[in-house]
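Listed below are the structures to be examined.
One chain, subunit A, appears in both complexes that follow, with subunit B as partner in the first and subunit C in the second.
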Partner chain A sequence: MMNMKRLGTILLVVSVVLILVTVYLAIFFAPLPQTSVESADQIMSAEVGARLHVAGFVSVVYSRGGNAVLDSPEHVVFSIADFRDYGRFLQANNSNNLDQQWWTVRPIDVDSISGGLRSSTGPSVGYKIIPGANLSVEGVVSSQHIAPNSNVTGFSLDSNSGNDITFGPVGAFGIMTAPVAQKIFYFHMPSAWACYLSFGVTLVGSALFLKTRDQKYDRVAFSSAEIGIVFATIAITTGPVWAKQEWGVYWRWDDMKLVTTFVLWLVYIGYLTLRAAIAEPSTKARVSAVYGILSFITVPMSLLSSRIAPLLQSSHPQVIASSSGGLSPQAGLTVGIAVAAFTFLFITMLIKRVEIAEAEDELEELKRRIGEEE
Partner chain B sequence: MRAALTIAAKDLRVELRSKEMLSAMFLFSLLIVLAFRFAFSSAVSAGTVGLTELAASALWICFSFAAILGMYTSFAKEKDRETLEGLMLAPVDRSELYLGKVLSTLVTVFFVDLLSITFFGLFFSFDYSGQVLAVVSLALLGSVTLVLVGTLVAAISVNTRAQEVLLPILLIPLIAFSVIVPSVTATKNAMASGIGDSIQQIESIAAFAAIFAVIGYLTFDFVLEG
Partner chain C sequence: MSDSWTALFVAYSIVWLGLFLFLGYLYLRQRRIDRDIAMLKEEVSKHGK
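Moving on to the complex of A and B:
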């Protein structure tokens, strides 16, 4: 018992230190996802025939399939546009005609593309551009289409050759234009990870409770669910802060990652509501364990949703595995420490919450015994 | 499996005699479709809302809520009449009980689905672009998934104090992406271009049906204990 308490204190210190380190690294160490074009003006002022190099962190992919594959670099047109206003973008995209009233479009013939991810299935020249990848494009300005509104916030790549910009099979990419907002990623992604971990612990705790009928597993299961909801809330609220800067909107109901995570949050709120609605402790533990197992189905849905495209469309950046190439070593280190910090924080909170639950149960037991004596 | 069929037959026989649930669900689906008719009345006459879009969404809202009503009553009735104990005392596997309840609820829910499809066609003078059969089969598929997870959640919520309120709170988030979203998309596609365009959605609904069936079959035992 004493050892458990000491372990809890040590873990608390470790996680607080790690969180502080994460804050420090995120602010001072992790690089900003730079676009190598300083400003839109630089592109605007480039003459026809000038060489331009544009690089950046892909923040959003607007194409029907969710991911876009560049098949043939020679036929790619690079253009610049206002990606902030998603509604307008769709309108222009649907009519397959970029309205120059709203769009500042200046195509560059591209002769080299690097970064992104090589498509595993596509042709050898194929690059699969996914949100979160680093993209670098070099080319010669071939023509200029200048529209009155020059609010340039993004870039697009298109498979059509020639000067007329229409959206072909490749689709368009917005390159990250609000680099500072990306810092929130070091807290957003680890808290999402911690929430998936918590709900995983709830699943295991629930299953073990049903198997052994030991109350301690029930305490672990619901404590973990409570903490998971806290982390899920952090993830759901930090996401929109970034999205507003990068996508121009707080929330996109057509993005499966966002909506499935919201549903995940609702399901576990339901889990706690269910517990609150049952008075009898053993029924509470038994019935909520079944719901705790059933609820877990929403975790893989949320976790994998940005990857099951095109059935489920998503512009949410992919982080784990597939786009590790998109992160610089410094950013990778910061994310790694942040994930460790949130994991330790989760373990600390879980131990404390379980201790509280134990104390509550003990109190109930004592109350019951006093009642019997009287 | 024989026990499950016996339980389902018993439920359906009770239902055919009392017609309690069926009449409630009949009126319920009639009123939901009517509510949509009134709510969209000016939009429909002005032609500003696509009937295919509206049909797919309205039908699935109707199916889901009618099913929630049906699944809730299927357990609440047993609890009220104290016949749940009798069922639990029966010398059969609890998983059979689950299957039996799923079967009997599915029959009633599917019947109400058919009624809703008819009402919608009547009130909106809509012929489902000649794809009635596709709409009906998708209704059946979606209802199977819905009832498989709903029966388990209904059995969970019957243990609680706030029974009626809790079932939708616990169930709707779970069916949002497993049933409602793919079913609405598939139904819409079916009316626009036949059922062939929705293989992915159909696979997804069927996969969720399999997952829910396994979870329900394995855990139902624990829900109805004590």
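Moving on to the complex of A and C:
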């Protein structure tokens, strides 16, 4: 059997190399993201009369008239635009002078809106649009003012009622506002993966300990939990840095994904706190094994919170098994390498941490023996 | 745009610092424990003699 120390060193070198490769791929290889069901190119090439379905999440909402609430679909026009200069666009919009050279628009007469937040606070039964809401609209292209070589830089949803106009500037729908910052994803998501993996190992280690009462499983369980907290901390600190760019806010307490991940982090902090609070080794191992098993419920809660129920509001992008997201092959390769790197790094850390735990036990034993002799 | 790059730099720094500080901490911790064990073993062997 290969020496564990040697395996750890090899995996460390491999994971560092893979992380460096990920940085390179993320910056120079992976394309800028689009989360729309239909790509920007498809949207831009649509003819008058074409049926379009555009979905994504709202990054920023500007409202005129105080409420970011849309009327029922038949009163809403959805515009796909190349805003270029959003400040000038707003100015032109306010003076009803939109058809300018420096911005173009392709309106759709919307016949369905889904997502958002149904609200009873608006002037009528409306769709309250909040930053981060998942939203999709469907309708027919009614006119075109798209200049050649335009890029979709934003979308807007206009209510004909005149009171409520909601604008999503650059990338509010489907295309991200901060595509460069999206490259944070290539480390944010693998960190989250590594934290779920760590807590999974804690679950297995805890169950095996309860079954066999073998201390080595307890060592694996708490070592893995400690590493999981490091990865979880990285995930929940890099996420807000990205969110600030994309959504305009660092954190949203009404987003289930964010909240459940924060709860997961707290629960596993609690695991380590609990261990630190119990002095007697066998009680410590037994109680923390039970806690380690029960706390695993927070992992599926966090993992699935952005997709399990339509009632749960989450604007967090879905990556796996998502119909509204999806990665390009280049992005998939980049994130795949990052996931491999973080998995190897996790194994390296686990080997090292378990080694330390064994050494700590040996140290305690030596201290006990010296104490007895004296 | 520059904000976006700054955010990217900050996030990547968090990742690198977080991971490698933790790895560094593990290696230092092990070195200290190994040193303590060696010291205690020496003490035990002295007692034995």
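Structure notes:
Heads up, the rule we're going with is that the second predicted complex is superposed on the first by the 230 of 374 C-alpha atoms of A that agree within 3 Å, B and C clash if a C-alpha of one lies under 4 Å from a C-alpha of the other, contacts with A are read in each partner's own complex, and residues count from 1 in each chain.
In this text, a contact is a pair of C-beta atoms (placed from the backbone, for glycine too) under 8 Å apart; a residue touches a chain by one contact, two chains touch by 3 or more.
This is a predicted model, so every value here is computed, not measured.
Set against each other, subunit B and subunit C differ in how many residues of subunit A they touch, and the higher count belongs to C.
In the superposition on chain A, A:T233 makes contact with subunit C only, not with subunit B.
By the touch criterion stated above, A:L274 is placed in contact with subunit B alone, subunit C being left untouched. Within the superposed three-chain model, A:V204 lies out of touch with both subunit B and subunit C [touch as defined at top]. Once the two complexes are laid over each other on the shared chain, residue contacts for A:L333 go to neither subunit B nor subunit C. In the superposition on chain A, contact of A:L366 is made with subunit C only, not with subunit B. Residues 12, 23, 178-181, 183-184, 187-188, 191, 227, 230, 233-234, 237-238, 241-242, 244-245, 345, 348-349, 352-353, 355-356, 359-360, 362-363, 366-367, 369-370, 373 of subunit A touch subunit C in their complex. Residue ranges of subunit B in contact with subunit A, taken from their complex: 149, 152-153, 156-157, 159-162, 166, 169-170, 173-174, 176-178, 200-201, 204, 208, 211-212, 215, 219, 222-223, 225-226. On the side of subunit A, the complex with subunit B involves touching residues 210, 259-260, 263, 266-267, 270, 273-274, 277-279, 282-283, 286-287, 289-291, 293-295, 297-298, 301, 311.
Considering their complex, residues 1, 3-5, 7-8, 10-12, 14-15, 18-19, 22-23, 26-27, 29-30, 33-34, 36-37, 40-41, 43-44, 47 of subunit C touch subunit A.
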